[in-house]
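Shared between the two complexes below is chain A, which pairs with chain B and chain C, respectively.
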Partner chain A sequence: MRPVYLLSDPEAARRGKVWPSRLFHWLDRWAAWILPAPAVVVILLLTAFPAVYTLYMSTHDWFASSLTPPRFIGLGNYVRMLTQDERFLNAVWRTLLFTGLAVGLEMILGVAIAVVFNRDFLGRGLVRTLLLLPMVATPAAIALVWAMMYHPTLGVINYLVQLLGFPPLEWIANPRTVIPALVIVDAWEWTPLITLMALAGLAALPAEPYESAVIDGASGWQIFWFITLPLLRPTLMVAALFRTIDALKTFDIIYIMTQGGPGFASETLNVYIFQTAFLYFHMGYASALLVALFALVLSVSFIVIRLRRAA
Partner chain B sequence: MNNPPAILVTDHLIERPAARHLRRQVRSLLFYLLVLAIGAPFLFVFLWMVLASFKTQVQNTAYPPVLIFTPTLENYKTVLLRNPFPQFTVNSLVVAVGSTMLGLVLGLPAAYSVARFRQTGLALGILAARMAPGISYLIPWFILFTKLGLVDTYLALILTHLTVGLPLILWTMIGFFEDIPREVEEAALVDGCSIFGTFWRIALPLTRPGIAAAAILSFIFSWNNFLFSVILSGSQTRTLPVAVFNFMSYEEINWGGLTAAATLITLPVLVLVLFVQREIVRGLTLGAIKG
Partner chain C sequence: MLLNKHPWQAAIEPLFPEFETLTGVKIIREVYPEDQFRQKVTVELTAGTGTLDVFMSMVAQEGLKFYRAGWYEVLDPYLANATLTLPEYDAKDFQKAAWDAEFVEGKLVGLPIQAETEIVYYRKDLFEQAGLKPPATLNDLEAAAKQFHKPPERFGIVMRGKRAAATSVFSSFLHNFGGDWMQNGKPAINSPEAVQAFRFYGDLLRLYGPPGSTNNHWYEASAIFAQGKAAMYVDFDSLFSVVLDPEKSQVKGKVGFAPFPAGPKANLPSVPVWGIALSRQSKNKEASWFFLQWATTKEQVLKVLLKGVPGARQSAWDHPEFKKADIPLDWVETHVQQMKIGSPNWNPPVVAVSEARDIIGQVIVTAIEGGDVKAAADKANAELEDLIRRTQ
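So, the complex of A and B:
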């Protein structure tokens, strides 16, 4: 009978009798490096390289449309950004306003809806499935439908608003209402995410505190405020963190519906960077703005994480 | 043993069963009305999109809005026959399938490694790539791809969409690989199977539903992508979301045609979502919550 060599038999490998065995042994030893290596290399090439390049470009003055090479200007872009560029400061303020309003509205509505849905009822599965649809529907298509519905004279939303006895609004056509109008679209898209995360959190809550609360005669509101909400807080902080980071980066719906308009009334930092880079081709300055956006995302996340620890 | 105070419990049950039954039914009715009121705004947007796609331009620009009308298929005919819509669909499909395939090839071994060797740092590093604003990669990519002559190629789109799809696949799959019972893998290793063999013959077959879910998520996010495609695609590779955006900039907007296109774009996503209901929240929050 021929000797049988196991593929990764260490003895056979050390004796070096069978080459595939040796190869497999070597592969196994380094598996923790070999398995993730391709993914890590590709991600590094696609993200870390651009990050470094952005830092480099942010210290240069360069228009991609011109033939002159990038000119080193040190911190010139940053100085201009912070001292002379009112459009930038307004964009930062608008980004924070949009994010605060959107995340606030989504958290309140999301938790409220989750509390309503947190019971056994006929059609619960169907409702949960339907909740998924707004967040995965193609944003370009959704933005288009909302733009149609928001039309100041022909839109169905003004028709419904008037049906309820309110005066019609100009929605995304008016600088004063455009941010709240976009917040509504964002809330339509992402409130279901908060609801689903809150539902997952509610399902994992222990029963004992509720039993003792009922025995002690607590009202439904008291139970929600003093038991459910504190117990749910870790889940809600994670939800708020994710939503905040994503809301700061909102681009699709704003750009497709208003392109930052009317005027600059809905130009968030993301949209301003996009226009600086791909409308004016001012790549050096856009890179400096990017660093500012990144700093904004990092510091807001940091604040939310600190809040989570303190809570 | 003491008897429980049965009187207290049964008292009102026996007293007026009919009234109690009625009260319960009213409450149940009110509850379903509430569910309907909550769900209506979410569904209305989809409903309005589909309705508008079956209306003529005159009906779409009528005020007050037309609710009862004879549906027309004219918009769908225009979109499918008089536009390069099929070409845009092919472009979207090539990019979404390409980036998903590449994402699986790269992401599955990495996710297995993270789950098996507890490489939390690695997972967090890839999470950081997802946290950074997409636009921060776009400017360097644009400059680089312009220099390499890769703008308006499938390769550029597939690679850039990968930065969204790969983290999604990785974070979805870590959970599935961690759920494999340790004994099963150990048995394979004891029987002389290498780590790569265990991955290929044990882990992958056991997590097939997870792989399908991760692939669908990655496909949806590539299909929906606007930001990367609007800059890096061109006349040869224009994807559906970009095409819709371009149509919107025409002077007189053809709402029927646009909503027909929007319906056709959204439909496959809505169908696919039915298969990944459980994983979608996990994917969207990168595993932070097992939804």
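So, the complex of A and C:
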């Protein structure tokens, strides 16, 4: 088959008559490289350059002011981070704890809600739509409203808790309850995403295994545990991966509701990085912390992906 | 020119056309909320482009860093120069504590535009019922907090407890117990006096304060007081409009204003001051100096004071027009008195102030939670030493 030429007249090119025709010929030959080039350049500028520059800055000590220009210190920032910086180690632990609790809770609730919503009932479409609302609301607004609801003396949640006969809690104002309280907000916001993905997975499941299970006399719980869940597993793994990556980076709700407080009791890695860069102006150290966050997200994602392959 | 979104900026900006017609100088300004404002100023000055002439600055917050970096134009020579300075400018008219706040290592780096000071807001009705006077000493403060503490209807006292934010309010306690941030050039927040102050502050809030104090910044704390849920509130006096706001406050007409109580060792209420400074990188220094003067003349200070911004000139506070204004007399007297004796030293005098505040705030949080204050103060002091070593 003859090749398709976009711009040039191959006959004219072979005859070597006019130079524009040769140019067009050259363009045709390299079209596969030239056409995506602008996109590649943009991506390099927007992602690769900052990433490499962050890596470069992370080997410097730079307290942003003209007192001290950036100073190369090799792996000094990393040594400090791992051996001296208690705030960093605590922040890593808290990030993992928050992510584990949040994603765990969201997976359980999300799948449970999806199974319920997969049945036919009156108003199903409406309820499904309503379910998505938390996900599309602005995180900053969500955080402000929750902070008000959690207020120990003026908030509505303690009012409800007391109506039920329990003693009031300090929620985000107590170092022991702040992480669970934030997990609840995150779960409220993001469980719908898991539900949505699980519903899509459920809709694609084959009917045959269910028919034979019913014939074999399996109970509803057995069907869910031995058929639905294994079949749904690939979908759920993807959902968990998405949520894990997002939860590791959670910033908005934590920063708005507690700024990492009380004390440093809810300071996750991302919040600590923000403070280090934009409040303390330690740009070099903040870059090193960012590299650590990147490594953390990458390794956790890697583990989740391996789990999925193993499934 | 870079301005922080602030009551002073809101009061003075409408007057800018006056300056422009007076001098023919065109003012190009950008206004940002506080966090973004500080980032923008730091970025501009670090970049050294020379496009920034005038900026608002809080010397106790960023003064040492900016001064050491050479970002402030030192203003003493300008003030001394009769050809550059208005004959009627009268710098001696500035209130002492506000004027003192504008110096770094003995050099004038800005002109004060707003001064506030730490006071006690108290419920006049409750104190009258109990036949009590407002607290004159820290012991009185504790006794009153205990007496009026009737949870959950009402708490004895409310103050900031949020990490860094609490350090500003804590500063007066620290000084009045005889402590200081630094002694002999070294951090001293684990001195016996400082530890006593941390304990006192933490105990007040833990025993007689609302639950969840460690999450309270001034807006949460003032809201609790404005809801009538606390008998006393210790914070800066610029918040009086929140407490007296007829739409938000349930205690309007019941609030008294008392000076910050004296401590066993001293009486040094903190005085945070906003000033306006001139960049050393500026290409329009003389015009900018005229602006600095214009913005702080007796006339302008009176105008902004009448709009509720506590400017720093005594003449404005004494002016008959201000005396006619509907502002509580005890608030005015407390403010004027504390401007004579107050201390601008409400922040640790280091380059990395924000980070130091977070370190010190952690001791306050520990004290409020009832933890081991001495151990926390020792640890924080070591962290401060390390911080100074890394940044200075």
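The rule is short, and it goes like this: the second predicted complex is superposed on the first by the 269 of 311 C-alpha atoms of A that agree within 3 Å, B and C clash if a C-alpha of one lies under 4 Å from a C-alpha of the other, contacts with A are read in each partner's own complex, and residues count from 1 in each chain.
Basically, a contact is a pair of C-beta atoms (placed from the backbone, for glycine too) under 8 Å apart; a residue touches a chain by one contact, two chains touch by 3 or more.
Since the structure is predicted, the reported quantities are computational estimates derived from the model, not experimental observations.
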Margin query: Once chain A of both complexes is superposed, is A:Phe278 in touch with chain B (first), chain C (second), both, or neither?
Written below: both
Notebook entry, point to check: In the superposed arrangement, does A:Val297 touch chain B (first), chain C (second), both or neither?
Noted result: first
Check: A:Pro168 contacts which: chain B (first), chain C (second), both, neither?
Finding: second
Next item on the list: With the two complexes superposed on chain A, say which partner A:Ala64 touches: chain B (first), chain C (second), both, or neither.
Entry: both
Note to self: Output check: A:Val156 vs chain B and chain C. Expected answer is one of first, second, both, neither. What do you get?
What the structure shows: first
Note to self: Once chain A of both complexes is superposed, is A:Gly261 in touch with chain B (first), chain C (second), both, or neither?
What the structure shows: second
Next item on the list: Residue by residue on chain A, keep only those touching chain B in one complex and chain C in the other, then list them.
Entry: 64, 153-154, 278
Next item on the list: Using the touch rule from the top, collect the residues of chain A that touch chain B in their complex.
Entry: 6-9, 24-25, 27-28, 31-32, 35-36, 38-40, 42-43, 46-47, 49-51, 53-54, 57, 64, 113, 116-117, 121, 123, 127-142, 144-149, 153-154, 156, 159, 188, 192-193, 196-197, 200-201, 235, 238-239, 242, 245, 248-249, 251-252, 255-256, 270, 273-274, 277-278, 283, 286-287, 290, 293-294, 297, 301
Item checked: Partner chain A, residues of chain B touching it in the complex -> 31-32, 34-35, 38-39, 41-43, 45-46, 48-49, 52, 60-65, 105-107, 109-110, 112-114, 116-117, 119, 122, 125-126, 129, 131-144, 146, 159-160, 162-163, 166-167, 170, 192-197, 199, 220, 223-224, 226-227, 231, 240-242, 244-245, 248, 255, 258-259, 261-263, 265-266, 269-270, 273-274, 277, 280-281, 284-286, 288-291
Notebook entry, point to check: Can you list the residues on chain C that touch chain A in the complex?
Noted result: 35, 39, 42, 45-46, 48, 65-66, 68-71, 152, 161-163, 210-216, 220, 223-224, 227, 229, 351-352, 354-355, 358, 361-362, 365-366, 369, 390-391
Item checked: chain C partner contacts - residues on chain A that touch it in the complex -> 61, 63-68, 151-154, 168, 170-175, 258-264, 275, 278-282
